[in-house]
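One chain, subunit A, links the two complexes that follow: it is found with subunit B in the first and with subunit C in the second.
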Partner chain A sequence: MDMKGDFMGKPLLSVKNLSIEYEGASERTLAVDDVSFSLNRGECLGIIGESGSGKTSIAMAIMGILPSSAHVKGSIMYDDVNIQCLSEGERNMYRWGEIAVVFQNSLDVLNPVLTVHEQIYECIIEHTSLYKGEADRRVENLLELVGLDPQVSEHYPHHLSGGMRQKVLIAMALSCNPKILIVDEPTSSLDPWAKDEIIHLLKELQRQNNFAMIVISHEIHIISQLADRLQVMYSGCIMERGYTEDILQTPMHSYTRGFINSSPYINPYKDLWGIPSEAYSSSIRKGCPFYNRCYQRLELCSEKKPELSYVATEREIACNRGGIITILEAQDIDKTYEFNGNEILACKGCNIHIRSGETVVLMGESGSGKTTLATIISGVLEADSGQVQFLGKRVEGNNFTSQMGGIQIVFQDPFSSINEFLTVEEAIVEPLTITGIVEKDSRRHMVKLALKDVQLPYDDGFLARRCYTLSGGQRQRVALARSLIMQPKLLIADEVCSMLDPSTQANILRLLKGLQNAKGFSMLYITHDVAIAQKIADRLYVMHEGSISEENLLDIR
Partner chain B sequence: MNRDRTKMLLGYLLTFLIIITLNFFIPRLMPGDPFTSLSSEEGDITVIYSEEQIERYKRYYGMDRPIAEQYIGYLKNLLKGNLGYSIYYNQEVVSILKNRVPWTVAIVICSLIISSFLGTILGSISAWFRNSKLDKILYISMVFISEVPAFLMGILLLFFMAGRWGLFPLSGGMSMFTQYSTKCEVILDILHHAILPVMTLSIAKLGEFYLISRSSMLSVMSKDYMKTARGKGLKSRRILFRHGLKNSILPVITRIFLSLGSIFGQAVLIENIFNYPGIGTLMRQGVMVRDYVLIQGIFLFVAITVLTMNFIADLIYKKLDSRVR
Partner chain C sequence: MSNLGKFAIVIIIVIIVLGILSPLISRHPHNLPSGSALESPSWEHWLGTDDLGIDIWAQICHGARASTFVGAGTALLAGVGGSIVGMLSGYLGGDSDRIIMRISDMAMALPDMPTTIILGAFFGPSLKNIIIAISLYSWVAPARLVRSKVLAIKEENYMKAAKSYGANFWHMTKVHFLPQVLPLIAVSMIRLFSKAVVVEAGLSFLGLGDPTSKSWGVILHHAINFKGIYFTEYWKWWLVSPVFIMMSFTTSLAIISRELERLWNGKIEWI
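Coming up: the complex of A and B.
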């Protein structure tokens, strides 16, 4: 084994099967649920997750300063010593001297009646062998190091601004040259300029002093700039772990994706949609913690708690389904039309895949073959060669369009896609009537639900109206309701907005996106409009003269 | 800043004026008058007056004049620093007070120091070991002794420690009719006499300081900076006394000065139990014989003391808590 291997093989800190439970007045809350991770020398590990996911509890457990109501299980090994088993006095030798924290910035985080100088000074006296005068000088040096005027040391904490207080906290944490620095929400209360300054400062200090760092934050912006590796926490469990860049680029757990999609930093143009509903907390937990908010949950997920396991190199996720599943995959699709003896190549060697719960935009100029591809994917049109797989099964004819939970397609022109002499009810109920998969009695109820979903009236009067009396926007909603009644897992929306006026277009778009967020279906949205693509797409395919390529959303203009 | 200070001074001045006014009227609203008193207490020379003499003295002391006129006269005299002439003792009130005040002030200050110091330490320890056996025992016993009336505690102490076991003298501020060879002996004798009253007052106040200190420390301990201090790996002693106590002591200090009012009240009772020669016994005497002038003098003294202490409390609080500066 070479030197590097040996070096990497022995982590500086390793946390094994850590569980933290808080005892409340009436019930126990599980804050951290069987978490294991390790930290190597000199690296920076990010822990990200929404508030209450247990991030800070882990940090406090490492420092051994959880309140007495917390019950801790598992081990925390620092350099082969299980510091979890040490007495309070022995632990003090590790606190600050070996592992220090930059506490979360709050008004009360520094003692209000002691000067900045005394609060830094006492750490140095306690943990190093420096004499009084040397310690005084060290305090000044530390303050200079973090970019503060040494005169600040004579001030009391309430004289400082939030940014200055953050710097004092950093200086205090570095006072005894710790090997590990835990940084808890370093920038949560700061303005953007101060944020950037603190990030830059932490990076620079780590470069100079070469300590290992654990950064805890709910801000992707901070984590992405500081952390080499990232672990995503939800409700006390690690959901995904890997290299920061990889995770942000292609999240593989549906929670991670939802979290990233909620960040304006990652999505500067796109509408923001949070993850629907709330995390629940309870001490008796069965199954996956993300169960109640997951798009692709199965019966199994309510029973079995997923283990964190590798799905790729340096990528672990905790999901019973192996992460976000690919719902549709089309490979090497070729299609040629013959027209008066001329051959028109509509699709050549098209590859496309759609994962569950995502919005994929297929963009291209008119005549580039978008609609042909969409129709092939839905199974309505047959390809010359290549095949389409939906949930692992081959798409042939109308096998999935005639199924509940299959594929549905909404077309560009609501005037011709719906028979205008049908009543609203007849138009919407038609798929159910044709397939006959639902009992007659419950159909009317389903029609009403679908109308409610698309925000149309659902009284008997409206149900009995003929479609030709409706406006374009209303008809497009009826077309949408007609697709939704089949509860599709994939909705193909082919230029659904292009014939509508801008305001109706915006309403329909938001409605679609909102429905997708609430119901969790995947969507293939076909358009020629760049701006719309940027607004709604998770991923983007561009089609040009029958060929297709995937493009980065931020690169297109 | 300056405006605040002016406001504060005006506040104190107004309070002072109200106190003077009440001070003047309260004794005069009590039933009886100085000249009909017949009782006389040990050692003091008193006179029994005839009707004619009473009339004359009333005129002499200005008590036959309308009350408003008396009030203005009183204010005028106050401005000159003249508290009047005790009717009963036939002596200047100022000089009577001069003799009596040091005794009271000494026991009050001693017991305040002892009770606040002990109370704070015990309260902090109790909070630090919250919910432990030690905490529970301390808490229950402190609540108990703070509910026992001071005079009862005094009588118990007097009965056992002085009466039964003879450890301390039964009464007075110093031994009567003895010859002292050195100054040192005088001091020891005075201390010996002061121990029981001081002990009684201290015990009476201890529970109050304990409870305040405990609850203040408990709230301080839940603060983020205490977690910071623990995280820094400091010794428990330093965390408790430097980080905790320096914050939790603020309400205790305010309470020390605020409790001056009530402790003077308790001192009055306790001095009477131990027959201690302070203003407590003097006040009882004054009330018994309706010596308006003397009572007014004592009240005025107590009021000024309490006001001054409040003022000092304000100043000290600002000094200790950098946030109010």
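Coming up: the complex of A and C.
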């Protein structure tokens, strides 16, 4: 379970199979579901997750301050002592003395009728054997330690700013020299400057005092600066665990990726998209907790709860599919065009892979072979050598483009991608008519749904309109609807916006990203526009004279 | 549609009705003398009589049958046949396209009239053979027209998309090609119609037509062959009337085809 345990001796704290259930008036809510983890001396473990994922319950369980309505199962071992088995008196000694907590900053955590000095003083007298004078000096030391003016000690909590109150709370927590400091949402209501100050302070204090730390937060910004290791929680379960840097760089669980994609700190240029829908009530517990929001779920996932297991060195995830799957892999694609005896090299040993649910941007100047590669990937064009695998099967001809849940391609020129003599309905229903997959009766309904998805009217009048009466932007939406009706797992968008005016372009782009977020398909977006790439890409490939290379998004300017 | 177009349509309808209802419209038979020879127009014989005393109005009405039959036959045979060849040629591409196009080059390189004369002489005089003779070289125009349109459509992205869904030739033709090439086919068929009427008249004029058919060309042929037609005033009704009806017919067709082109370019709901 623990990663450093083997070479750093026994862990300081180890939590095994911890489950916490709250008994409500009518139903029981499982807040933490069979969670195990350990904490080594001097390390900082980050616990991250959406609100209600059980982070704070774990902190409270470790501190032994859960309300009486909570039922706790499993063990919490601190230095070979099971905290669960201690009496209230013994536990009180551990609290503050061995393990201290800094609560979410708010006015009511501090006693409003005591001065800062009295608050900290009381804490020291209660939990240590220090005398009055020593305790007074200790208070001054602590205030100095957390960078507060000694004069503050005579103030009442309501006199202080949020940042200062947070520092007082930290000073209180450190008053008894704990071995473990649990910090719960240390900075949630603070301004950015105060946040930075607190982070800096916590880091510095940890360096000086060498205590172990558990940081609980939903802010990736905070966690990434403090935590060495990170565990991602969802609905009371650990979904992914590993080194902070690795996880943030390449999340391997789709929940983690969704969570990271929602962070403006990680994505300064990109549009932010949260994970659609909400976690379902924890009382129904069967299968994977992330099942209803996951886009690569299988039948199996509704039945089997995934175990946390290693997928790479120092990386564990809980997913029945082994994390985010790679849906498309193209290897060593070569393509040469022959024209009047001249050979034109369009693709040279191109390798590309696309994982489920991500947006990959293929960028390059005109004539660099982007469209050729995209057409080869879709199977419409045959490569000279190399092969493309889609969901583990080889892409040949139109085997995946003519299939539900396969590959779809949307073209650049909206005036050419739709036959303008057709009605909107005829244009969109075409894939179904050709493939004959869906019964005739339900086709019209599907057309309407697709039109609704692309935010076009879906009344009978609009369905009967000829496409030549539509604008470029509307036609592109109709083309998109035609692709969406096949419910693709991979959508190839070939410069879909380059012929549209800026406003329409922005609308279509947001529509595409929104649809991707809602439907969970992967997207290969082809463009020559750096700014657009930065706006939407999860990963970036740059193509130049037929060769392709993966680049870091932040390196291109 | 302009008033001129409507007027042209009325003319065409009138001529077709004349052909169909010729026994009712003309009081006299078209093949038997009904008066004395070479009468000038009168209440009894609207357009006079020819050298055998046969009523010319009756001949003109009856001739409309032969002329429209040749026109419609050619338009259908060469127009539809040529369009199908053009569509296949454009869709298939490659070698089949190359072969078809070389054949069409050959058909185009031959001068129209002499070829028809030779073919007419070769097949022998009958309306059916005239239709075949005219069709043999006039399928090229619709074929080329349709082929170039199909080639253009083939490059459209919606065709690539349809192909990626696994569409076959039938689907592509029904949904994408036909609706777009139909206006082209219709216009070129109208052109073929009037061309065939003129060519048939030309052949008959030269004596290569079907002598039993009594088409407008045959009337013309007889009139021209009457010695002294230019020295008398008989030409005023005997010669002018078939020429006039032919001119009104072909001009009306030309006007209609121009009107249709104008309409369809404006993408009016017509399918």
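In this text, the second predicted complex is superposed on the first by the 547 of 557 C-alpha atoms of A that agree within 3 Å, B and C clash if a C-alpha of one lies under 4 Å from a C-alpha of the other, contacts with A are read in each partner's own complex, and residues count from 1 in each chain.
We take it that a residue touches a chain if its C-beta (ideal position, glycine included) is under 8 Å from a C-beta of that chain, and two chains touch if they have at least 3 such contacts.
Quick caveat: nothing in here was measured; it's all calculated off a predicted structure.
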Clash-or-fit label for the pair subunit B, subunit C on subunit A: fit
First, second, both or neither for A:343, with subunit B first and subunit C second: neither
Touching partner for A:92 - first (subunit B), second (subunit C), both, neither: first
Subunit B versus subunit C as contact partner of A:299, first or second or both or neither: neither
Subunit B versus subunit C as contact partner of A:398, first or second or both or neither: second
First, second, both or neither for A:80, with subunit B first and subunit C second: neither
Touched partner set for A:439, first subunit B, second subunit C, both or neither: neither
Vertex subunit A angle, Cα centres of subunit C and subunit B, expressed to the nearest 10 degrees: 130
Touched partner set for A:380, first subunit B, second subunit C, both or neither: second
Touched partner set for A:466, first subunit B, second subunit C, both or neither: second
Nearest Cα pair across subunit B and subunit C, whole Å: 63
Footprint of subunit A on subunit C - complex, ascending: 156-158, 160-167, 171, 175-176, 179-180, 267, 269, 271
Contacting residues of subunit A [partner subunit B, same complex]: 60, 63, 65, 88, 91-97, 100-101, 103, 106, 108-114, 122-123, 126-127, 156, 158, 172
Touching residues on subunit A, where the partner in the complex is subunit C: 378-380, 398, 401-402, 409, 411-413, 416-419, 421-422, 426-427, 430-431, 433-435, 466, 468, 479, 482, 486
Subunit B to subunit A touching residues, read off their complex: 223-225, 227-236, 238, 242-243, 246-247, 320-323
